[in-house]
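One chain, subunit A, appears in both complexes that follow, with subunit B as partner in the first and subunit C in the second.
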Partner chain A sequence: MFTLSGIVETLLWGVANGCIYILLATGLNIIFGVMKLVNFAHGQLLMIGAYVAFVASTALGLNAYLAILVAMGAVAVIGIGLERFTFRKVLGTDKLNEIFVSLGLIYVFENAAILLWGNDSQRIVSPYESLRLSLGEVAIGYDRIFGVLIVIAILIALFLLMKKTKIGLAMRATSQKSDTSMLMGINIEKVYIFTFALGAALAGVAGALYGIIFPFNPYIGALPTIKAFAIIILGGLGSIPGAVVGGLLYGIAENTAVYFLGGIWQDAIAFALLIAVLVLRPTGLFGEKGE
Partner chain B sequence: MVLAIKESIANTFGFVKNEVVGFSRSRMFYYVLAALAIAAVVPLFTSSYVLSEVLTPMVIFTIYASSWNLLASSGQGSLGHAAFLGIGGFASALLVIKLGIPPIIGLFVGSVFSAVIGLLIGLTCVRLKAWFLGMVTFGFSVIAVTIISQFDAVTGGIMGFRTPLIVERGLPFYYLTFVFAVISVFAIHLIMRSKLGLAFRAIHGNELEAKMNGVNTAKYRLIAFVLSTFFAGLAGGLYAQSIQYIQISIFEPYYSFLPLMICVIGGLGTLEGPIIGSVIIVAIDRYLPGIDSALQFLKPLFPNVSFVGPPLRMLFLGLFLIVIVVFAPKGLTAFIRRAYAYFRGKLVTVKEQ
Partner chain C sequence: MLEVEKVSSGYGMVQILWDVSFRINAKEIVSIIGPNGAGKTTLVKTIVGLLPSKNGSIRFKGEEIGKLPPYEIVKKGVNMIPEGREIFPRMTVEENLRLGAYVIADKNKVKDSKERVYQIFPVLKKKEKLLAQNLSGGEQQMLVIGRSLMANPELLILDEPSLGLAPIIVEKVLDTLTKINEDGVTILLVEQNIRDSLSIADRGYVLEEGKILIEGKGRELLSNDHIKEVYLGI
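For the complex of A and B:
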C-alpha cells in the first residue's frame, strides 16, 4: 500500500504545508528575536487572517490571491494594536505575564471569530482549485505550488528588508542589545511596533494560504502556534534560515507520519520531534546560542 | 501543641508576607479558621445540585490550581497541566477497575503515577525557559491524547467509562475532597515555607543569582515539577470521581488553561489565590450561563451564531484576564488586601480622633 508515487506526493504535500508553517514560524521568530517576547496567540492571528481573506474573497469578490494582501494588511494593523495596548504593558515584567496576556488574547480572538463568522468550517475558493499539475503518477494542485512560490517571494523580500534597509538594521541592532541600540538613537518603541506588525502580517499571509488549501474554523489557531514553536526550536532561536529548514523538515515529517502511521499521529509526531530535539540538542539544529 | 498548630496555621499566608498589608498573624489564624468553618458548614444547607456541581468542583480545582501555582512559584509556567490531571484521573480509575484495588489506594497510586510521568517530562524540560517549558508541556498534553486513544483497548479513553467511587456522591464526597484540599494546601504551604520553597522563590526571582548562590536550579525546578504533577494527579483522580465519568476530553486545552486563569485571577504565588480564583471561576462557569437568554437580544448583530451568550462570555473572560494582568498583576487577592488595609486605616484614624 505504500507506493513510490504515494511517497513522492507525501513529500510534495509536506513541502507545501511546511511553507505555511515557515511563514508562521518566521513571524514568531522575528518577534521573539527582536522583542524577546513570545506571542502564544500567534496562531489566532493566522486564523483571523484566514477569515479576513475569506471575507475579502466572498463579500468583496476579490480573487483569492489578492485577498492575501488584504489579510496581510488587516492582520498587521491588528498586530500594531496588540503590541500597543497589551504586550507593551507587560514587556519587561514577569515572563509569565506574557503567557497570561497571550492566553487572554486566544480567548478574545477565538470567540470574536465565532461571534462574527459562526462555528462552521469555511474555505476560500480559489479560481485554480480544480487545476492540478501532474508529473507522471504524481499530481499536485496549482494552489499548493502558488503557495510555495508566494512563500519564497516573501522570504526573499524579508531577507532584503533585514539586510538592506535601515529599519532592518535597527531591528537587528535591537535584537542584539536593546539598551545599546537605544543609546545609538534607535527608537525602540517604533522598532517594536514595526516588528510586531511584520510578524503579524506574515501570520496573516499564512492564514490566507491556509484558508485556500484547507478548510478552517475559529479553533484552528492553537495547533499551528505550537507547531511554529516546534519549528523555531528545531531550527534554532532567532535564526530565520533555521526556521525555513525547520519548517520544511517539519512539514515533511508530519505528512510522512500521516502516510505511514495514520492521521491520528499528525499532531503527536510534532511534539515527539520537539521533545527529542530539546533533549538531544537544546540549541536547535542551527542555533548558536542557547536561550 | 495547640500553640504550635496555631502558629503554623497563622503562617499559612507566610510565604507572601512581604506583600501582606494590614494582616497580622494572630488575626490571620482566625480568618483561616473562619474560612475553614464556612467551607465545612455551608454544604449542609445547600441543594444537592449546588453541592455536587458548584462546591465540589471549587474544592477540587483549588487542589488543581494550587498544584499549578506551586510550579509557577518556581518560575515555571505549564500550559499542559491537563495532561497530569488526565493521567491522574485515568490511572486511578483504571487501577481500580483492572486490578481491583480499593479506590482510595488507586487515588494515591494514580497521583504517584502522574508524578512519575511528571519526573520523566520534567527531566527533558526543566532547563528550558518559561515559554519553552510551556510549549513542551502543552505538546505533551497533545501526545497524551494520542497515546490514550492509540491504546484505547486498555484505556477505554475514546468512549470513556464510569469511574469507581471512594464514597458516595453528595456530602460524603464533598468532605472527602475538602479534607484532601486542606491537606494539599497545607502541604504546599509547608513546602513553600521550607528551604525548598525558598529555593523555588529564589529561582523565580532571578535564576542566575540563585545559581550563583549555590542553588542547584535544575534540581529544584525538577522537584517543583514532580510535586506539582503529584497534586495535579490527585486533583485528576478526584475530578474523575466527581463527574463519575472519565473520557479523553479531560486532556483538552480548556483544562490546561483553567488553573492558569484561576491563579492569575486569584493571585499568583499566594496561597489563597487559587482558592479565591477557583471560587470565582467555578461560580462564573456555573452561574453566568444564566444571563445567556438575556444576551440573546444581541442576536441580530451576529447573524452567524445561534447562541450569542457563550462566545460573548468567553470573550469577556479573555478581556478580564488581560485587564487583570495589565492593571492588577497580583490578582484579586492583592486588591482585597489593599481594600482591607485602606478601610482598617480609616477605622483606626476615626478611633484616634
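For the complex of A and C:
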C-alpha cells in the first residue's frame, strides 16, 4: 500500500504543486502588504492566465513555455486595468467596498471566460508531456520539474527586485508606512499600479503552469484563492518568505493527505490548516506583530 | 519662501483650519506653537499635500503648490518630518536614509548626502546595517532628521520633534536644527514645547482652534501676555 517510493513521489508532487500555490500566494501577499487590499478575485487571474496560455499555444501555435510569458504579460495588463479602473476608486474607503468589488470581479471574470471559451475543460499541451525523469522507482514528469525551476527563477528575480531596485525599496516602504512613503517623494499611485501588475503577473504564470499540468475550466479560480489565503495566513500576512515556505508546506501537506487519507481530503486540508493556524498562531509563521 | 494665505482644511466634512495665513522668509526659523488639538499637524499635512486645502493658496518660492501631490512638493525642495518619529522600522538605517533621497536621481549626490548625514550623526554610521526599529528614541529622531536632509531640502518642516524625548536629547535636536539652519536650510518648527522652540526661532505664530491668533518675534513672544498666561503659567 504505502511504499517509500510512493511517499517520495508524493513529496515531489507536493513540491511541484506547492510552486503554483507559492506564485499565487506571493502575488496576493504582495498586493495585500503594499496596498492593504484583499483581492478575492486573485484566483480568477490564475484562471485567465491559464486561458491566455491556452490561446497562445493553440491559436498562435506557441510552445507551452513561451505561452507562459504571454500569460504573464496579458494578466499583468489586466491587473493594471483592475487597479486603475476598479480598486483605485474604492481603495482607502470602507474595507467592505474593496471586498465587494473583488467579489464582483470573480463573477465578471468567470462569466467572461464562459462567454469566450465555454464551460468545457481545456488543457495546454506541452511538448514534454510524455517525458518523465525516473530515479529508481520514482518518476516525475518533466513539466513539473520545469515548473519548479521556473518558480525558483521567478522567486530569485523577485528577491532582487525587492532588495536591489528603487521600485522594490518604494514597495517595501509603502507596505510599512504609506503616508511617510509619500513624504519621501514616492508616487504611491505608481507603486500601487506596479504592485498590482506584479501580483497579477505572478497569478498569470501560476495559471499557465496550472494549465500545463491540470485540465482547467472557468471555475478553477475559486479553490486556489482559498488555498492561497490559507497559505498567507500560515506564512504571515505581508511576508514573501512566509508565502514561499507556506506554499511549499501547503503543497506537501495536501499531497500527503491525498496519499494517506484519499482524494476527498485534498481540499479539506486547506480549511483544516487555516483554522489550526488561526487558533494556534494568529500572526502566522513569519508574521509581524500587528502594526 | 513659503506663503500660506487664507488656507482652510480638515478631514472630510470636519473643518479644522479656518483661513490660516502666515509666511516664512528664506533662511528663517519660524515656529508655530499651539496646544494639543489646535490643528498644527493638520496645517503641516496640508502644506505638504497629504491633506487637500479647501481654499486659499500655498506658494513656495512664488509658485502655487496647493494642489500638488506630496511627491511633487518634495521634488520642489519641501521636506516634512512627521509627528512621532516615523521611521521605516523593518528597514536598515541605511535603507531609511536612501529612502530620504528617493527623489534624487544622481547616485553621487546621494552618496555625498549620506556622508554628510553620517558626519552630523556618527551613531547612524555605526548602526547603518541595523534595522531602524532597534534604535533608541533619540537615535530614531536623528535618523528621521538625517533622512530628511538626504533630499537636500530648502524648507524643512518638523512636527513636534521634541515629543517624548529626554530634555538633553531635545537640546541636541534643537542644536542640530540651528546648525542645519546656518547651512542655509529654512525651518518651520511646529511645537507644543514653547520655551525651547521659541528660543531658537526668529519668528513665531500661535495657532489655536484652527486660527492664527498671535504673531511675533521668537523671544519676544515669550513675554506676550496671552502666552505667559496660557502656556507658561505665569
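We adopt the following convention: the second predicted complex is superposed on the first by the 289 of 291 C-alpha atoms of A that agree within 3 Å, B and C clash if a C-alpha of one lies under 4 Å from a C-alpha of the other, contacts with A are read in each partner's own complex, and residues count from 1 in each chain.
Please note the rule applied: a contact is a pair of C-beta atoms (placed from the backbone, for glycine too) under 8 Å apart; a residue touches a chain by one contact, two chains touch by 3 or more.
Only a predicted model underlies this, so the values are computations on that prediction, with no experimental measurement involved.
**Q** Contact-wise, after the overlay, does A:P127 reach subunit B, subunit C, both or neither (first, second, both, neither)?
**A** It touches nothing on subunit B or subunit C.
**Q** Using the touch definition from the top, say if A:T180 reaches subunit B (first), subunit C (second), both or neither.
**A** second
**Q** Is A:I264 contacted by the first partner subunit B, the second partner subunit C, both or neither?
**A** In the superposition, A:I264 contacts subunit B only.
**Q** Of the two partners subunit B and subunit C, indicate the one touching more residues belonging to subunit A.
**A** B
**Q** Contact-wise, after the overlay, does A:L116 reach subunit B, subunit C, both or neither (first, second, both, neither)?
**A** First partner only.
**Q** Should A:P215 be classified as contacting the first partner (subunit B), the second (subunit C), both, or neither?
**A** Neither partner.
**Q** Examine A:K95 and indicate which partner it touches, taking first as subunit B and second as subunit C; both and neither are also allowed.
**A** Touch partner of A:K95: subunit B, not subunit C.
**Q** Let me test your reading of the model: by the given contact rule, A:P241 touches which partner, first (subunit B), second (subunit C), both or neither?
**A** neither
**Q** By the touch definition above, which subunit A residues appear in both interfaces, subunit B in one complex and subunit C in the other?
**A** Common to the two interfaces on subunit A: residues 291.
**Q** Touching residues of subunit C toward subunit A in the complex: what are they?
**A** Listed in rising order, the residues are 48-50, 69-71, 74-75, 79-80, 82, 86, 88-91, 95, 98-100, 102-103, 147, 151.
**Q** Inside the complex, what are the residues of subunit B that reach subunit A?
**A** By the definition above, subunit B touches subunit A via 72, 75, 77, 79, 124-125, 127-132, 134-136, 138-140, 142-143, 145-147, 149-150, 253, 257, 260-261, 264, 268, 302, 304-305, 308, 311-312, 314-315, 317-322, 325-326, 329.
**Q** In the complex of these two chains, what residues of subunit A are touching subunit C?
**A** Within the complex, subunit A contacts subunit C at residues 166, 169-170, 172-173, 176-177, 179-188, 288, 291.
**Q** Under the definition above, what is the set of subunit A residues touching subunit B in their complex?
**A** For this pair, the touching residues of subunit A are 38, 40, 86, 89-90, 93-101, 103-108, 110-112, 114-119, 222-223, 226, 229-230, 233, 264-265, 267-268, 270-272, 274-275, 278-279, 282, 291.
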